[in-house]
Amino acid sequence: MPFTRDQMAARLADDVPEGWCVNLGIGIPTMVANHVPPTREVIFQSENGVIGMGPAPAKGHEDPWLINAGKQLITLAKGASFVGHADSFAMIRGGHIDLCVLGAFEVAENGDLANWATSENDTAPAVGGAMDLAAGAKRLWVIMEHTTKDGRSKLVERCGYPLTGLACVRRVYTNLAVLDVVPEKGFVVVDLAPGVTLDELRAKTAAPLHTN
Amino acid sequence: MINKIVQSVADALAGVKDGSTVLIGGFGSVGQPDVLIEGLIEQGASNLTAVLNNAGVGRIGVARLMELGRVRKIVCSFPRSSDPVVFETLYREGRIELEIVPQGTLAERIRAAGAGIPAFYTATAAGTKLEQGKEAREFEGKRYVMERALPGDVALIEAWEADRWGNLVYRGSGANFNPVMAMAAELTIAQVQHIRELGELHPHMIMTPGVYVNRVVQVDRGGDWLTPEAG
Amino acid sequence: MPFTRDQMAARLADDVPEGWCVNLGIGIPTMVANHVPPTREVIFQSENGVIGMGPAPAKGHEDPWLINAGKQLITLAKGASFVGHADSFAMIRGGHIDLCVLGAFEVAENGDLANWATSENDTAPAVGGAMDLAAGAKRLWVIMEHTTKDGRSKLVERCGYPLTGLACVRRVYTNLAVLDVVPEKGFVVVDLAPGVTLDELRAKTAAPLHTN
Amino acid sequence: MINKIVQSVADALAGVKDGSTVLIGGFGSVGQPDVLIEGLIEQGASNLTAVLNNAGVGRIGVARLMELGRVRKIVCSFPRSSDPVVFETLYREGRIELEIVPQGTLAERIRAAGAGIPAFYTATAAGTKLEQGKEAREFEGKRYVMERALPGDVALIEAWEADRWGNLVYRGSGANFNPVMAMAAELTIAQVQHIRELGELHPHMIMTPGVYVNRVVQVDRGGDWLTPEAG
């Protein structure tokens, strides 16, 4: 049985050690924060200048001046601080974020990431902070469905969509598996979702899969 | 006596010229100079280049300014939004120019303009479509893109508190693009919730020194007026 | 009778209007602050990140954490703020200082400034923030003795010492006169110290002098 | 639990390697990590490159480190001081290398290292002796010099208050080079006067987020110990 989105987020959260400074992209990545136990201190950074986000606010205790990159209301953790946008992206681009988690349209076996524009899209593509995070974070993990809605593999030999960053993805968490992206090698299977076989994974992946 | 506080939104926006590049602070609805944007609609300047993170939501604020045909070009990182109808229509019809800039590059280009740096190199966008038309160069075997400073004629920004020197204190995540835009424009105009006596703001809490601010206008609507849905 | 140093500083202070943000170099320039009347608000910026210095502290009321670029103890004016060095020099280099006042070894008629190194000096020359100020301030005024101790003119046709900045000086205040530096023209006499004649000034100046 | 507080100066400096580039904060005597510098003398690393504003005063601190022959090169804006005897002797005898960098360029090069910028252009030093050996280039008809990022292996900094996350609050003019150096080193070590509980420091007062800080050591000597003569 493939992982649900919540299970994918929980699986990724298991791999985040105490003390890391982590930036979570919009969508499934944001769910990761809910699965890090409060006893394990992780510093969640948001590109709009919040360093140290806490859990979502309780009803009636929202502060309209406190939002994350996804424009959702947030709270502050003890120890939180604020910076402006130039300083926030200096932190991101200067290699001070231990981990960035993003969604993706495609990840290639050389670690290339495509997550901001599709050729089908006739309106202006929106890049936001994705290119900065791809180029600047110490490590980038992708969390996404293994295939598109019409069944095409999102793990590919070479990205077809415009790139966000080159050779930047280190690990991919999907509903079917966890895979490392190893330089000079490609996708290496770390873990399979319960009930998913390696053959099934190979059938749904448009790139060679390695095992250790 | 130095006194940058003006008494009306019209006074705050007086003299903004046609053809100006306008830096507009805010991220989502937080730190957005919404009253100044309304004031700019009123003021009448046209043929504007708007530099901001998003390309407007619904039919208010910057979207309204665009719908009125007053914006020639948008420089932003994220033209999509929860309701991008105005921008998308204009863009499809070729009636507005778009320059997409990665968010960090946008902030850094604005900072560069404020800090006297005409150009810098960054790894962001290297090897991607957004490198096109730009110089690329290797340092220590890694590829970087040269990015140019992005100055404004005018900056419209929002802050929580100000004094008559124009010193600004932000609230929560309300700083975002505001401090860096304040540095980068010829004419920086701030809307603030509260005016304080000179000396009341803690010297270490002031994120934008008044040196960067030309005009301050108070738009006190209490602490609850902001709804978090926009953007 | 030539101006004393205090009179030179006072003469310069007369020309500083309310509202300017002013950076004063070490030495005679620092004395300028004492001659701006408290009723005229001028914001004194120090390169070490103080924006809005007040008068020197009263005996017994010194704060050892508050110093200016010359390492002297200072006070804060109401409205003062602090920034770090990168932000302080962003302010200086980005053209946000209305006026910088520096001392000089030489000023040339094309506005070139030499104030950091002399060829005689066998030890390492010390540039500090002078080149940043020369390149970045909106306007640069020099305050200095008109001649060296051995009587050589410090106003020259072309600087002999290593340059601090090119074509950056707009005005010179000396013990003998006040002179504008006008592009394509050179030194233009604005004012003479009491009892100093134009002929005397010409005799002591190693560059052509113009009058309006 | 994140806890960057170490119990001794020796622990704070453990592992600093021979050949390191060490960024040292402070301007004059304010914000100077004097206890950490003494600790570095004790610790023993040699063949160091020291990056700081001044080249040391008298025979203590950095001057002492130089006198012991542990510094190969100084990168600074102002090698002169009220008592520069150690540096001047070594320099005359050719036993120490010197790179003079304009103060603003020094700060900006360090920031660039912290912000992922390998190089930038500045008007400072254009056309002067300090342009030598560097690329120069015109933008819009004006001459600029290309300056490279200046990263450190280690940064020694000083702050007023810290918490266990390594968040730092500065006092008075004590920030100066400290925040920018904290961003630019692999290993940032802070000496602080006071340790506060997590959550006690105001989020808007924290100038250096703990993300930039690896180790914190308390050196509480009260508020009056600092004499303003040095430097």
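Each chain gets a letter, A, B, C and D, in the order it is written, and its residues are counted from 1.
Going forward, a residue touches a chain if its C-beta (ideal position, glycine included) is under 8 Å from a C-beta of that chain, and two chains touch if they have at least 3 such contacts.
In UniProt terms, the chains line up like this: A, C = 3-oxoacid CoA-transferase subunit B; B, D = 3-oxoacid CoA-transferase subunit A.
This structure is a prediction, so every number in the text was calculated from the model and none was measured.
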### Message
With centres defined by CA atoms only, which chain is the most remote from chain C?
### Response
A
### Query
In whole angstrom, how far does the Cα centroid of chain C sit from the Cα centroid of chain D?
28
### Query
What is the distance, in whole Å, between the centres of chain A and chain C, each centre taken as the mean of its C-alpha atoms?
54
### Intercentroid distance (Cα basis), chain D paired with chain B, Å
33
## Note on the structure
Listed in rising order, chain D residues that touch 2 or more other chains are 108, 111, 115-117, 122-124, 170, 204, 207
### Task
Find every residue in chain A that makes contact with two or more other chains and list them.
82-83, 89-90, 93, 135-136
### Summary
Per the touch criterion, the pairs are A-B, A-D, B-C, B-D, C-D
#### Entry: Contact footprint of chain C on chain D as seen in their complex
27-30, 55, 77-80, 84, 87-88, 91-92, 98, 100-105, 107-108, 110-111, 122-130, 160, 170-180, 207, 224, 226-228, 230-231
### Query
Mind pulling up the chain D residues that touch chain A in the complex?
1-2, 111, 113-117, 163-165, 167, 183, 198-199, 201, 203-204, 206, 209-212
### Message
Using the touch definition from the top, list the residues of chain B that touch chain D in their complex.
### Response
108, 112, 115-124, 139-140, 142, 144, 148, 169-170, 202, 204-205, 207
## Note on the structure
In the complex, the residues of chain C that touch chain D are 46-50, 62-67, 71-73, 82-86, 88-90, 92-93, 117, 122-132, 134-136, 162-166
### Task
Could you please specify the touching residues of chain C with respect to chain B in the complex?
18-19, 21, 41, 43, 45, 51-52, 76, 78-83, 89-91, 93-96, 135-136
